[in-house]
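Two complexes are shown next, each including chain A; its partner changes from chain B in the first to chain C in the second.
== the complex of A and B ==
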């Protein structure tokens, strides 16, 4: 194996870091890996359409997953060694007889992600391979289990997301969309068209899941070999030899003497160094003026990140973007809070100074130009004909007009319900209680959309008649 | 930049290098979707259990209990992440168990505003089901950030320091050879620390890679590399 050509940074990683590396690999080569998976899986999808029952279709498509994953694994193994993808190179992975075990006896094995790289890339007999697997992973199969469970979860989420999006975008109302989602998920009563749609959703979910599943398994394999076989050490030692070369041969071979001489002359060296650093060449200063923030901003914005193996820096461009979003969010939160408090005081705040005199919409309906002559009868007719809002609006506004006229409360056109209550606080108890009851049921309907019962309405109307309308 | 360095640029890794204001470069291992998924699951289970237990205790006491359970439940559900992250240096119980920490993108401790933003936007990351948007955003992001992280300017990093194991019995220390830079010296130390992971044969193979420099073969090469590592460790 030519580890020099590996396109990942070799270093000892924990299993979780290996999973992160796998995610990175999947994203780095998502297109070629996807292509290899789709090319192999698509015929199986088309064949599955020929079956009558959805369960059989699904089982058929799902059962051959190890086959499609092998194509991804072989493509990734070529790409990761900086190779050129050829059909022969990919097909080589299918010559492995152990692949058929994964399609039969080991089909339900959740360790497939970490086992298949050994099977596909190391030509070992069955027993040796088993020992090799135990040695390499040292019985730690947690990541294989997590990756399998995560893969299943992702598949379920994607399928649900596709179905929901489809129905919520195509149906006119929530109930129809919700019913559609529930109906398609009831696979026993699924129609032919729905089964095709659901199968395509499953296919897409399996595709995305497989890329990450295989990549994480492969990354774990690479990292375990790095730890167990010191791949990073081998590369590092070779680099030292190449860099120091023949020159170093002499240096290394006479190490003890060289070091001793150096140690004995430490004081002398320090003195020389001090002299050198005191020299004028090291004590020149020059003052230059640079618009610091601006230049830094542009330097960071257009910085070419070429100083490390995918060791990227947090660019100021993305920081600014994040700041803009952050301020927008904070601004939206503040506006929402202000609006909330405004509405709260406008509705319930008695004598609130936040009011500007403008009526909110439900209150505006109260202001009617003239009261009907047969007032109580009109209110009752509205109520019995289902015009609840009209009935209560009329009842409330009539109450305001009568109270104002009867007790000279000086109620203005712009007064809120709360202000009306405050202005009527000094009138006689029975009239005040009647007015409060009318106001309460009106407010509950207007702002809380809560309809009073017939008994409450009738009671309020009677009290209105008796204590407010009557002279 | 050497040819080797240029080749290294394109290699895949999840390390984040940060330049601090003091000019010191720090290295952070950004945590990915799998480990963060498990940490989130733990946190969600804890939150759910706490809110459920509280509801079971308070709701039977009547209307006041129901009201109290609702208010406290809401409070715990929405402030759990923020309080832990800000008051516990970026570490919620789930993150603690998995060895993670939420920090600002420049590596500094997370503050109230950023924590509130990232916690509030968990709702967006959850959509449409099971944190799908968050997972997709993290996969697409170089620094594995979900939407809440991007807006708040935060990242989640591994909290654990690497385990450094004691080396086997070292009887001899050799002086540090000239020409070895800091990275080279770390390699010698790494060899010494990881000897127990390597088979004896593989250890010899690796040590013999340095044969042109050390002039040693077989077990002697292993002893010599070990001795140099020991020399680096004790600063000969």
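== the complex of A and C ==
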């Protein structure tokens, strides 16, 4: 494989990133990959029509999936290494003996997506292929399992979607369409025409899923090789060599001398190391006894584990740290959920004003204003000093506050003058008349710019004092 | 009726009397639905257009004919259907073979009161044919602009049920309706009165508006409209109206608030409301009483509230109860 011709950026990727890369590859070369798949699978579809029973037709078409996928894999491998697609190049992948195992004993293997690239692209014998797989994936088959399950799911969804779409577009009402879908899914009583239609739907679903299935498997393979074999480093060095060809040649010419110097240095270094290691400080031993559970704790704490493919060394300390992070994350999530729930409840919940129309105290019920202690005198002073509007505004506001407080009329800040009057319709006549008088002169002045005479003002003020303010 | 004077008090007294007379005349044939009649009358005098929503058979056509009969006005009725073309509304020019000239044949829009029945049954382009006339009071036919007769008002009806196959009015057109009034089923007593009035002593299934004597002239309608300008609006009342409209733009549960046109419509309607009581000034009660019909078609609720079954009226009522009335 000429990795310098690779059409993707090589770098160590996580499991999900490599799956993402596979998806991107599938989308990028969807057309040629589809073509290779269809060309191989179409004859099998046509042959499957010859069988009488739908189950056999379906089984036949499904069983040879590894064969169609092989064509996709070979096409993808050619494309990704910037090669020219030829029939010979594609057919080369079918020479692998293990392919026949995938069509027989290993047909149900869910590791096919990641194993096939090794089998088809690396010219290895049967036993070496197994060793190679074990070494490359180191037992981490999560992505292969997920891709297999996801592929199955996607196929089922696409089949169902095609059937539903067909029936819901062709039938006049919902019930007929729904019965049609149910009928076709009952494969025991399926008609010949329906079986053909269903097989075509399965074919289309297998087509779409195969492209992504193979691409993700191949991307995982490339990623594993990048990590294990340092493809990215190799490619980097190759690029440097290409760029600095002359310099590299010079370095190459100098290399024998460097090697000589290095050999001499090595002999000296070895002698020094031997002296150091023979020194008494390096031969002292001391036994420390700790309680058993503590001993285990420290062992666990400082134990170095090799997590295989991820290449991380994880000890108990890291685990604890991870747990703390996890709890913090879950805690933050719970707090966020509570906050959003509270916000939603406050807006639309049972107790919200929007839902019930109930009024919250501070903004809705009439506010007890800071009325002056000598209220009547202040109003009168305002009036006599020409602050007519201030005087009547204070008179009216005070009247509303006193009426609300005295008769519990439940007057709200949003109540207009007319609404306030309606709410005072049940109070005693003198108080109501006094309030009406105050309201009338207030309305005329405030909105009609009609100043009441001094007599009217004085009369209203007196009635306010007598019937509204007085207990 | 007496002639127009320069005395505002006399003009306001005339306006109040005229409005009361029109209202009483309409109620002789259109039983119940006081609020609808009131809204319609206010909107008519304020120079706006009405969107009526109600199920069929509640007397929407009768209401229009009754209003027209009050001032001997012309009425036109267009049944909106999916195949209705804009030229079916506005009119078109045809070639006269005799004179070898194009001549304009005016559409039913050239009338005083136009009933656009089930407006949401016609596609958007046909609905849009009403836009120009509603806003500019003019119609363009083949590059020639014609003024519609004055007074002119569009009363469009919508059926709240059977929404399948309808074309909801676009926001731009909705906004051009000054108010949206809801006609609901009458109560039992009112319905009994309607049946009695319709069937007693005659072989008929519909009410006749011939019993309505014209109580004002078309000129007097113009006079009524001019009188609205005599009604003063204090700064605090203006601010109150604007606060109500602005609150619809920030209120939770409302996804689309009302435009400034709503504030203008509120004040215009409130002025007529004040005029009905021969008052020369608008009070906060006038503003509040017209807020619902002015705002209900100009706001859109969020999906959450719609799912909960809330309607625009309840949301607006809640909103109005949260806005402080002017007190100083």
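Definition applied: the second predicted complex is superposed on the first by the 240 of 471 C-alpha atoms of A that agree within 3 Å, B and C clash if a C-alpha of one lies under 4 Å from a C-alpha of the other, contacts with A are read in each partner's own complex, and residues count from 1 in each chain.
One rule holds for everything that comes next: contacts are C-beta pairs under 8 Å (C-beta built on N, C-alpha and C of every residue); 3 or more make two chains touch, one makes a residue touch a chain.
This structure is a prediction, so every number in the text was calculated from the model and none was measured.
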Which holds for A:227: it touches chain B only (first), chain C only (second), both, or neither? first
After superposition on the shared chain, which partner residues are touched by A:443: those of chain B (first), chain C (second), both, or neither? second
Taking the superposition on A as described, I'd like to know which of chain B and chain C A:400 touches: first, second, both or neither. second
In the overlay, answer first, second, both or neither for which of chain B and chain C A:195 touches. neither
Who does A:48 touch here: chain B (first), chain C (second), both, or neither? neither
Name the chain, either chain B or chain C, that contacts more residues of chain A. B
Taking the superposition on A as described, I'd like to know which of chain B and chain C A:19 touches: first, second, both or neither. first
In the overlaid three-chain picture, which partner chain does A:209 touch, first (chain B) or second (chain C), both, or neither? neither
Would you sort A:415 into first (chain B), second (chain C), both or neither based on which partner it touches? second
What residues of chain A sit close enough to touch chain C in their complex? 347-348, 353-355, 357, 359, 363-364, 389-390, 393, 396-397, 400, 412-419, 443-444, 446-449
Note: in the complex, chain A contacts chain B through residues 6-9, 12, 14, 16-17, 19-21, 23-28, 143, 146-147, 150, 153-154, 156-158, 160-161, 164-165, 212, 216, 227-230, 232-234, 236-241, 244-249, 251-253, 255-256, 258-260, 262, 306-314, 318-319, 322-323, 325-326, 329-330
Which residues, counting only chain C, touch chain A once they are in their complex? 232, 234, 236-237, 252-253, 279-285, 287-288, 304-305, 308, 310, 314-315, 317-318, 320-328
Going by the contact rule at the top, pick out the chain B residues touching chain A in the complex. 1, 4, 6, 8-19, 27, 29-35, 37-38, 98, 105-106, 113-114, 117, 128-130, 132, 135, 139-140, 142-144, 150-153, 158, 160, 162, 174-180, 183-184, 187, 190-191, 194, 197-199, 202-203, 205-206, 209-210, 212-215, 236
